[in-house]
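Next come two complexes built around chain A: one with chain B, the other with chain C.
Let's turn to the complex of A and B:
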């Protein structure tokens, strides 16, 4: 009897000595900061506009993280879903004179999801298992071909893109840049962040974590790994679509570059800089890079060489710090996460 | 008939440039399994060398001859310092080389000041056969490409370096066990691929005005060509480049140009999906 109690006590100390989880703490701090931002910046409307942009781009970075950090697809195609959804809401506003957010935002997500599903079906599913290199090139080619197509297509404004997009509306209220739009963007980010987090921590997430460790082994267990990849890819397409629609509404403009590999790669940089495979990493990365860009853009000499700085950042990250900013503070064990109910000693 | 010959000549000239670019890309992809996203910028550096020589009164000719060596040296340094870290992770290598490309491209853009610079053709003019005029410079491009292909083939199949390269390609572990320094071979291969890109850049700069984006426009097509032809072969990428180049030049005659451009990519991608091993599967080097 006394021996039994002894073991229990030992196990409990074992549980207690586990380091406090950092990620949820970081997530809460970020949430609090983002909620407080518009109140702190109330006197600087241009900064609220900037932050709204950052939130919308965070969604794009989040969608890339789902692809790369969670299912190992190097997707250069996130901008494709982003851009096409942006064009669709712009066209719906122009030709159908409709911009109610309860209609257009789900439509944008549907478009993103369908496009991603179609691309995934073509690239991933099928009798021959594709190499990850081929998948990366497939998404790159898709985005590149779409950019070229749109840049030459008169109906969608060709190289000039579509400008003065009809404002996003809810009933008779129209959203312009500012506090209200910020709230919408923040709400969208929080909802899809939580949804992604739920998926990453679910049994599906466990399969994904297994795939990251050893894809072949999971395949031998009988999991159809390509189907899981396609599912996550489709979900990420929906998020990218939502992000693209919000971006179009917020900027009032969309152009061919919003479809192309250039923007996709920017999303890659956001995500890797913050730390991929953590969900909060891409958000931190987007905020850090965009704010840095805003601060540095004041100097003419630096603004011209901003892409060079981005390139150096990407190079340094992939060479020396592949886990990104978060990798500096969060342990590998926590990034991978734990699954299922923790077994209590008894 | 005249028109048809002219058309074939133009396609041949365009395809030659593609082949030069793709050959360098294909050699690197076959040997090290790395798809070099900075390849377009190596082309740009070749073009920029010609511009610098022209600007400093050394004549464009000097530039054309210098370009492969300069860019080859740049490639060698890049491989020794950066690229070699990525051999184990080809996907990360894409990002790494993309970053290198971005840095080079934007620095050159800054140096050019955002302007387009026209470079005169080192040998201008045209010659006539049977009443038809052919541009001398384009003919020179075609001839150079044929010479480079023949040279590469002889180098790979007839020399001891070629034997070592083929050995390292076939089985790197065994090659290392036999005392072949694969590390040095990889560095040389990368430098060689870079030199080909530099040569391509030097040859095309009189046709297209020099701008920072001169190389990147070929990049996606070149990647598809390599995959289309088959990674790990010598003839594959050349054939792939010919196929993609021919499609890019020929499709606008069949469908409206707006659709033709993206269609090339879609068709090429679909073929690669259905036949991932590429055109050439027998007689791998």
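Let's turn to the complex of A and C:
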């Protein structure tokens, strides 16, 4: 990238100097900050617990971004995958006395993926091309029905949910809140962030980018658009499932609201607030909203009405800044990206 | 056997018979022009062939297969390529990525995920762009191209996967006379690669590049023959002098 040597020869060949890409820089800063967090907060264990929660919920927000930001699937069902996986690891702990993470975390992902695949088969792979509204209502109804079902089912604790969940274990080591659990959550987030990023930037990511702009056109190129959507949806279900399992273990509790439309909507808000279609946006959105809630709830002067303030802030951003916080600094061109073999930026 | 055989295709929109028992045959290697007044059903016919909608009755056979009710992706994989009347390039992607997207459609999902053909297809993308005079716009967004350039990009994209039959709906719509002339030059060499059905208003343009013409009027085939035969047909002359 050489603005200084941007000669006329370059301009004649149509190569324009593009601004430096910002996203990789933001990603690196976020990574550094998240790695440093437990050391900086070493004397404030309650904040490490808060940040562990934030990381786990970031995974959920990331899973929604893959759906909406990358594949145009308006999913209100992410909490369904999250919640069911959370219940399953709780039940496996209670009834089988098993909580080894090498077994239960993959199981949670499998459950999330299977549920998402089943929902995709029903909502996306029918003979008629589904509309976004159809998919939104379908996933919303799925989450709603699951919440109602679980709330009335004694075996899974009905309205009280399941508490005293067996601690996540690795061999004889058991994870309680704190530095170790934070590290597991961060590792999970980094791994699935990188996988998602690889997908988004691959040639398959180009198909998704084209699909978001003109689904019909892509069918005429020979792409089975709905199959691509179903694949991404399934992958997002796996991530949401992982997130839900970690959440249950970390809280030691799970309840019906963890698989309902309320939490699904929270994931939507995290993503839109931070900036959808960027991967890092939903992580930033989750951190910003959760920290803002924490600070507002902890400030004496406004303790009474902080949800109102938070609500107004969210409304303003989502209504007037549709590309989210990241949209303030990252251009649409960079967000969508380019997929060719050569980096011709010069 | 002809490459494309459309038999007795009818397309009904509510009370309107946009197509009424249309027959059309296109031989491999032939350039076929589709002409007729506005609203005569030309776009409707191309859409029935490409799969944008299904014929109400009648059959469409392509390369030995019955594709009457095949979804668009299957037709595309069988070797049909389609440029809409309204340009539909992907505005927010670069010109380069538009062509890459068209080219890589035959790859498996797994290969796409691993970006296995990214390097290999680079030369083909650039070749397609050079051919349609877009090489130095490769990095620009497709939405930044002029209308004429967007039409060329669409043709480049439609040709990229090496179709057996290319369907072009008014490729010179909105072009200047100079751009039209260039388009004719760009299309001529395609003949060695694939067959073509082209919808076009400019009779001189179409006479120059096509072997055969089919004339549609109010959803029916009014005439079908070589360019010379159609030129002599009195009924064709009548609709072209009285209504166009």
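In this section, the second predicted complex is superposed on the first by the 311 of 346 C-alpha atoms of A that agree within 3 Å, B and C clash if a C-alpha of one lies under 4 Å from a C-alpha of the other, contacts with A are read in each partner's own complex, and residues count from 1 in each chain.
Everything that follows uses one rule, which is that a residue touches a chain if its C-beta (ideal position, glycine included) is under 8 Å from a C-beta of that chain, and two chains touch if they have at least 3 such contacts.
Keep in mind that this is a model prediction, so the values were computed, not measured.
Peer 1: What is the contact status of A:272 with respect to chain B (first) and chain C (second): first, second, both, or neither?
Peer 2: First partner only, chain B.
Peer 1: According to the stated criteria, A:45 is in contact with first (chain B), second (chain C), both, or neither; which is it?
Peer 2: neither
Peer 1: Of the partners chain B and chain C, which touch A:178 in the superposed model: first, second, both, neither?
Peer 2: Neither: A:178 stays clear of chain B and chain C.
Peer 1: After the superposition on A, what does A:219 contact: first (chain B), second (chain C), both or neither?
Peer 2: second
Peer 1: Starting from the residues of chain A touching chain B, keep only those that also touch chain C in the other complex, and list them.
Peer 2: No residue of chain A touches both chain B and chain C.
Peer 1: If we count contacts the way the header does, which residues on chain B are in touch with chain A in the complex?
Peer 2: Against chain A, the touching part of chain B is residues 35, 82, 85-86, 90-92, 94-96, 98-103, 105-107, 110, 220, 223-224, 227, 257-259, 261-262, 265-266, 268-270, 272-273, 276.
Peer 1: Mind listing the chain C positions that touch chain A in their complex?
Peer 2: Interface residues on the chain C side: 50-52, 71-73, 76-77, 81-82, 84, 88, 90-94, 96-97, 100-102, 104-107, 109, 111-119, 121-122, 125, 136-141, 157, 161.
Peer 1: Write out the stretch or stretches of chain A touching chain B in their complex.
Peer 2: Per the stated touch rule, the residues are 74, 122-123, 126, 128, 130-134, 136-138, 140-142, 144-146, 148-149, 152-153, 265, 268, 272, 304-305, 307-308, 310-312, 314-315, 318-319, 322.
Peer 1: Which bits of chain A are touching chain C when the two form their complex?
Peer 2: 13-16, 199, 202-204, 206-207, 209-210, 213-214, 216-225, 227-228, 231, 332-333, 336, 338-342, 344-345
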